[in-house]
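Please read through the structure below; I'll follow up with questions.
Each chain gets a letter, A, B, C, D, E and F, in the order it is written, and its residues are counted from 1.
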Amino acid sequence: MNGVIDQYRVEQKPYYHTVADEVDLYEAAYGVRMPMMLKGPTGCGKTRFVEYMAWKLGKPLITVACNEDMTASDLVGRFLLDVSGTRWQDGPLAIAARYGAICYLDEVVEARQDTTVVIHPLTDNRRVLPLEKKGELIHAHPDFQLVISYNPGYQSLMKDLKQSTKQRFGALDFNYPEHAVEMEIVSHETGVPREVSDKLVSIAERARNLKGHGLDEGISTRMLVYAGSLIAKGVDPQNACRVALVRPITDDPDMRDALDAAVTTFF
Amino acid sequence: MNGVIDQYRVEQKPYYHTVADEVDLYEAAYGVRMPMMLKGPTGCGKTRFVEYMAWKLGKPLITVACNEDMTASDLVGRFLLDVSGTRWQDGPLAIAARYGAICYLDEVVEARQDTTVVIHPLTDNRRVLPLEKKGELIHAHPDFQLVISYNPGYQSLMKDLKQSTKQRFGALDFNYPEHAVEMEIVSHETGVPREVSDKLVSIAERARNLKGHGLDEGISTRMLVYAGSLIAKGVDPQNACRVALVRPITDDPDMRDALDAAVTTFF
Amino acid sequence: MNGVIDQYRVEQKPYYHTVADEVDLYEAAYGVRMPMMLKGPTGCGKTRFVEYMAWKLGKPLITVACNEDMTASDLVGRFLLDVSGTRWQDGPLAIAARYGAICYLDEVVEARQDTTVVIHPLTDNRRVLPLEKKGELIHAHPDFQLVISYNPGYQSLMKDLKQSTKQRFGALDFNYPEHAVEMEIVSHETGVPREVSDKLVSIAERARNLKGHGLDEGISTRMLVYAGSLIAKGVDPQNACRVALVRPITDDPDMRDALDAAVTTFF
Amino acid sequence: MNGVIDQYRVEQKPYYHTVADEVDLYEAAYGVRMPMMLKGPTGCGKTRFVEYMAWKLGKPLITVACNEDMTASDLVGRFLLDVSGTRWQDGPLAIAARYGAICYLDEVVEARQDTTVVIHPLTDNRRVLPLEKKGELIHAHPDFQLVISYNPGYQSLMKDLKQSTKQRFGALDFNYPEHAVEMEIVSHETGVPREVSDKLVSIAERARNLKGHGLDEGISTRMLVYAGSLIAKGVDPQNACRVALVRPITDDPDMRDALDAAVTTFF
Amino acid sequence: MNGVIDQYRVEQKPYYHTVADEVDLYEAAYGVRMPMMLKGPTGCGKTRFVEYMAWKLGKPLITVACNEDMTASDLVGRFLLDVSGTRWQDGPLAIAARYGAICYLDEVVEARQDTTVVIHPLTDNRRVLPLEKKGELIHAHPDFQLVISYNPGYQSLMKDLKQSTKQRFGALDFNYPEHAVEMEIVSHETGVPREVSDKLVSIAERARNLKGHGLDEGISTRMLVYAGSLIAKGVDPQNACRVALVRPITDDPDMRDALDAAVTTFF
Amino acid sequence: MNGVIDQYRVEQKPYYHTVADEVDLYEAAYGVRMPMMLKGPTGCGKTRFVEYMAWKLGKPLITVACNEDMTASDLVGRFLLDVSGTRWQDGPLAIAARYGAICYLDEVVEARQDTTVVIHPLTDNRRVLPLEKKGELIHAHPDFQLVISYNPGYQSLMKDLKQSTKQRFGALDFNYPEHAVEMEIVSHETGVPREVSDKLVSIAERARNLKGHGLDEGISTRMLVYAGSLIAKGVDPQNACRVALVRPITDDPDMRDALDAAVTTFF
């Protein structure tokens, strides 16, 4: 079964630029196996951070993109029909608990409540996962840790984590990096010179100020990396910004013109 | 089949600090096998209490975290396909009734009505569980008892137990422990000195006063244990409180600042 | 197949205290096999009455606790996969119709309409149950009778029996017994002396007067039996009433104090 | 396969008392195989009329009690798993179309739209039933006819037949019989003397005048037969009326007293 | 597999009375295999027209009555379990595309969106049907054409075809035929003399003027044919009109009297 | 398995008329494997553009028409029952990722969120597709690219892509071509002379001005090709426009007259 877990090892060191004391705090939390919640906007680096920490701690990482049609069985496992009848297949959460991986539930708030409740017994001192359909009780491997991500800007009355779930996690706040750090990230990831990444970050900062004033969400670091990649490929910077930064985030003609103008200001 | 039930035995004495006469009352209730309802807020020790009682009474304990997607079959059991056709597999409630465990339905109000109605014949003098799909009528083992938990602060018009369900249970009220008791719990569970647990409990008491005034739920004993664990691991107390007490329970900047200020007052 | 029906025989005479002419009327209704509807509040003895009548008439009794997730198949039966392909398994209603039991659908109004419509052909002069999925038409056994229970206090616009269903049943009203009768029931069931059962019934009568004025439902006879059992077990009467009578039916502090005061008045 | 259809033959002449020209009109409609819709209140004799006509015309009758959870497959048929793989099983509508029965869909408006649309190709000049899942097209047997019942008093905005369905049927109105006819029916069915049935019908007429003024539906002929049966069994007439006529149709104390008073007036 | 498609051939020339240039336009549309949408009220002859065109063009016709519970699989096909595992079975749309039939989706707006989206790749220049579950891409037979019907009077905000669906079809308007043509149709189909069909059409015209003023839909040509059939069978014309024209389309007493009066005016 | 992917190769050069720099931008985006979003109204050529680019880049193209009943399994794959038990079958997204195709999700906003979330891990630097049910992690083939289409005019509060999805794509705007280009397309595709295509485009332009003033959507290029085809087939131009341009997009009599008048102006 080692093969099952080995495919989840992070082989190469992921590029991650430390922002504050988040690496130390996470290591301490992992030390007591505290379940962790990473809070912050789309594309600011939460997923990359978990990959980096899994690499640094030398633990396998199982990532699950949560969605509202995901059932508890998708996490825990199910019976499959085989030549010799039904056969149990562990879901990603059961694999992580059994073999000692970090299990990262991305955008957990999208999942239905049965998904979030199923993790409760793994998040208190019992650290067990009952496979009720199989009649088995997994006692989590000592290396197992649960991590969830959460975007506070998205929560609505309909979709929010229950307090009895939130209280089971420690929490770290994330945000877009500061200007210099973000420049460095964009240049490192795309190869564009610092003059270009400086302009790209400046455009993003303008757009982020419009969040809540006609934009649902600002331009993320990931989008800047997209734009930089096109520029590095020889695409005209204005076109690259149009394709990678402006068109994806707005359908509104006025907002589009405002963002296009910001692009023209810098390129 | 003893193997099935043996994995649910509570092997080691769980740490539980008696608050009032709840242990005696529960023992009397178990003596007449009265189904019990434990009422109280998140993280105040209801689950730990049931584990302690199961250990004290020497009975196996089967815990089910209820959720709104759980069906009656998840409790009662279902047919699985096998090499020789379908095979019945008892659900946790059927195992508990058949072999004589305490069955603890955690946050039962989250479950759909079919889950709560399915327990009715086990809660009156018949003490039977009809497995309608199998055509079998389980007469509960003499040791069997049903326990449910219930958080009155969460109930809404949409989600509440039916009166015809509530009337089938005796009820015990739970709440956060008094200052000295909670200090003792935190120090015992984490190893931090009493000066530290004293401060942690004081912070929690401030937050509990804000419940209903911007906080949905106060800081629980479980969260204090998380914070203490980080401090014991060498994390700066302010950072530990930020990660384990403040960030998890609020996304609101003003509330976050208020709670951070409370932390600064004490550390 | 006799084994299937024999497990539903009521072996021992259930304790039932006649209130009015309900036993004679039920016997006459059974004599013409009129389907019967038992109306009344939670815990007043409807289920016990049916058990008593089944014992008195010497007929097997199949009880089904209805719920909103119950399908027509749960009542009528379904195909199961077997070594030799699919095999039909009668549901409780089909078993009752085929072998001549009294079928008691408890809280029928909780069921979806398909459950209630499926009983129509069994309630008029045809007395048949079509197993549409199997292509069989069961002509009910001469001993078969259908009984349903119904709590008028619960009905809402969303959940009520259709008139075309109600009109297929004769109806008997049930209510909590009179003071002396209820005292006798409580003492008989728990062994507490008449002074104690007198006080318990008096507390219940006070609570029943509060129904509709802050209480959804009064204290039932079943709850008095619970309280009496704890007292017989040596629990202090005030504590027994708190656990078995007050805490289960209200979360409201004022109402709880009012009921606690009523308890103190008598004990 | 004759065995399949033979169990649906009406062996004995059902008792039916002609009210107007409905028998002749139905025979003419059957003569051109016009699909028919029987309109009228609960319990006025629509089902009995279809049984009588099926007996008179010498055709088998397949009755389906429609409900909102019934699927098109419940009518048309489905594949079942067998030792040799899947096996098709005709539903009641397919059996009726294939072997030439009258198919009676009782309370069709309760069914979901897929049930009502599935009958369309059987109701125009094509007279076919496509078994889409099987890839077969049944050309209806020359004896096949479709009949539906419909209670105009129940229709709401949410539940009504589509115009494109209604237009495919001829329609006959039904209502409670006139005084003398209803007396004769009650005496014939129960054996009570005409003095008794006279009084029972008079009570019913009073209740029918209250329809829409606190009663959703009047007392039906079927209920009078229930009451008469109890009286014939020796039950006191007032008790019989209370059980069979009054309690089933109202939970309202005032209305119950009004109806009890009407009973006292006559008995 | 020719047997599969042959059962869908229109063997006999259907009776269809041309109204305008609809036959020529349809032939031209079929010539370029343009998908067609037939718009018009219930019972005005859309289905008959498609049958006539299929006969005239010598192509098989597969008709599907759409409904809101129909899934994409009902159109496209599904895997069935067989002795040798699963076996794919083409749905009606796949059969039509594979063997070159005209596929007529009747009342397509009743279907869920997945049904209407599944036809998109068949309606542009690709003319393919992806069987995603089977991993096959059917390139439509050169004879294949898709036709849908659509009743503009029924559309609501909830149920309408998406613009991206509508734009994939050419459209033909249908309506009830003119007086003389409709007379001829009724006499041809039922054998009643022209004096009778003249009166029947006049009654229908009166009812059609009431559409939107208390009637949801007028009396259709199909209903006139029903009435004529009863009259030809010897039923009194007033009774025939009552059964076949008036009772089916209204439950309102005033409207029923108005329509009965219109009948009396002519017969 | 090459056979699986080969059927998705675009064998013949699709006719596509370049409008601006969209071909170059797409090639650059493909060069860095940036996921792309094509925005624009119905029938303006988005699908044709993707086919053209797939042909130009020499990559297979797998197109999926999204709909609200499509599940994540429809994209990712599922287990099928086989003679030797269950067998995994890749869905279209898994085939594309595994063998290196362009996967085009048409009208992705129609799909449920689980469909859109399932693509997330394929759209960031991980480029993986977890087959959670199979326990396999597909690392995307170097040639794989994801493309989605999106019609901004349709989005409502209920149906919109999540920001966290939009931010994962570069975006290209599409619109109807300019007059001369659209003329050329219509003449090329249908063979009608330029005088005719000139008039057809002029009619379309009038209709497009009515969008939002009584028309939900304008006349698309695809509809002009339909009209041209009928004219080339010998149909009178006014009739061809009536059938192919006017009737499909409006049921409103006034709007229909306005559009018919526009047709008369030009033909």
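Note that a residue touches a chain if its C-beta (ideal position, glycine included) is under 8 Å from a C-beta of that chain, and two chains touch if they have at least 3 such contacts.
It should be emphasised that the depicted structure is a prediction, and the values quoted were computed from it without experimental measurement.
Engineer: If you check the contacts of subunit E and subunit F, which chains show up for both?
Structural biologist: none
Engineer: Rounded to the nearest 5 degrees, how far is subunit A rotated relative to subunit F when their C-alpha atoms are superposed?
Structural biologist: Superposing the C-alpha atoms of subunit A on subunit F needs a rotation of 60 degrees.
Engineer: Hey, which chain ends up farthest from subunit E, C-alpha centres compared?
Structural biologist: The chain lying farthest from subunit E is B.
Engineer: Report same or different for the subunit A and subunit B interface, where same means the shared residue numbers exceed half of all residue numbers found there.
Structural biologist: Result for this pair: different.
Engineer: Using mean CA coordinates as chain centres, what's the subunit C-subunit E distance in Å?
Structural biologist: About 52 Å, centre to centre.
Engineer: Rounded to the nearest whole Å, what is the centre-to-centre distance of subunit C and subunit D, using the mean of the C-alpha atoms as each centre?
Structural biologist: Inter-chain centre distance comes to 30 Å.
Engineer: Please compute the C-alpha centroid of subunit C, do the same for subunit F, then give the distance between them in whole Å.
Structural biologist: That pair's centroid distance is 60 Å.
Engineer: Two-or-more-chain contact residues of subunit E, please, as numbers and ranges.
Structural biologist: 81, 84
Engineer: May I ask you to sort the chain touch graph into line, ring, star, complete or other?
Structural biologist: Contact pattern: a closed ring, each chain touching exactly two others.
Engineer: Considering only the defined contacts, which subunit E positions touch subunit F in the complex?
Structural biologist: 21, 25, 28-29, 31-32, 34, 37, 39, 71-72, 79, 81, 84-86, 112-114, 117-118, 120-121, 124, 130, 132-133, 135, 137, 152, 155, 162-164, 166-173
Engineer: Which residues of subunit A touch subunit F in the complex?
Structural biologist: Interface residues on subunit A, with respect to subunit F: 4, 7-8, 42-43, 47, 63-70, 74, 78, 80-84, 89-92, 95, 106-107, 110, 151, 216-217, 220, 222-223, 226, 229-230, 232-235, 239, 243-244, 247-249, 251.
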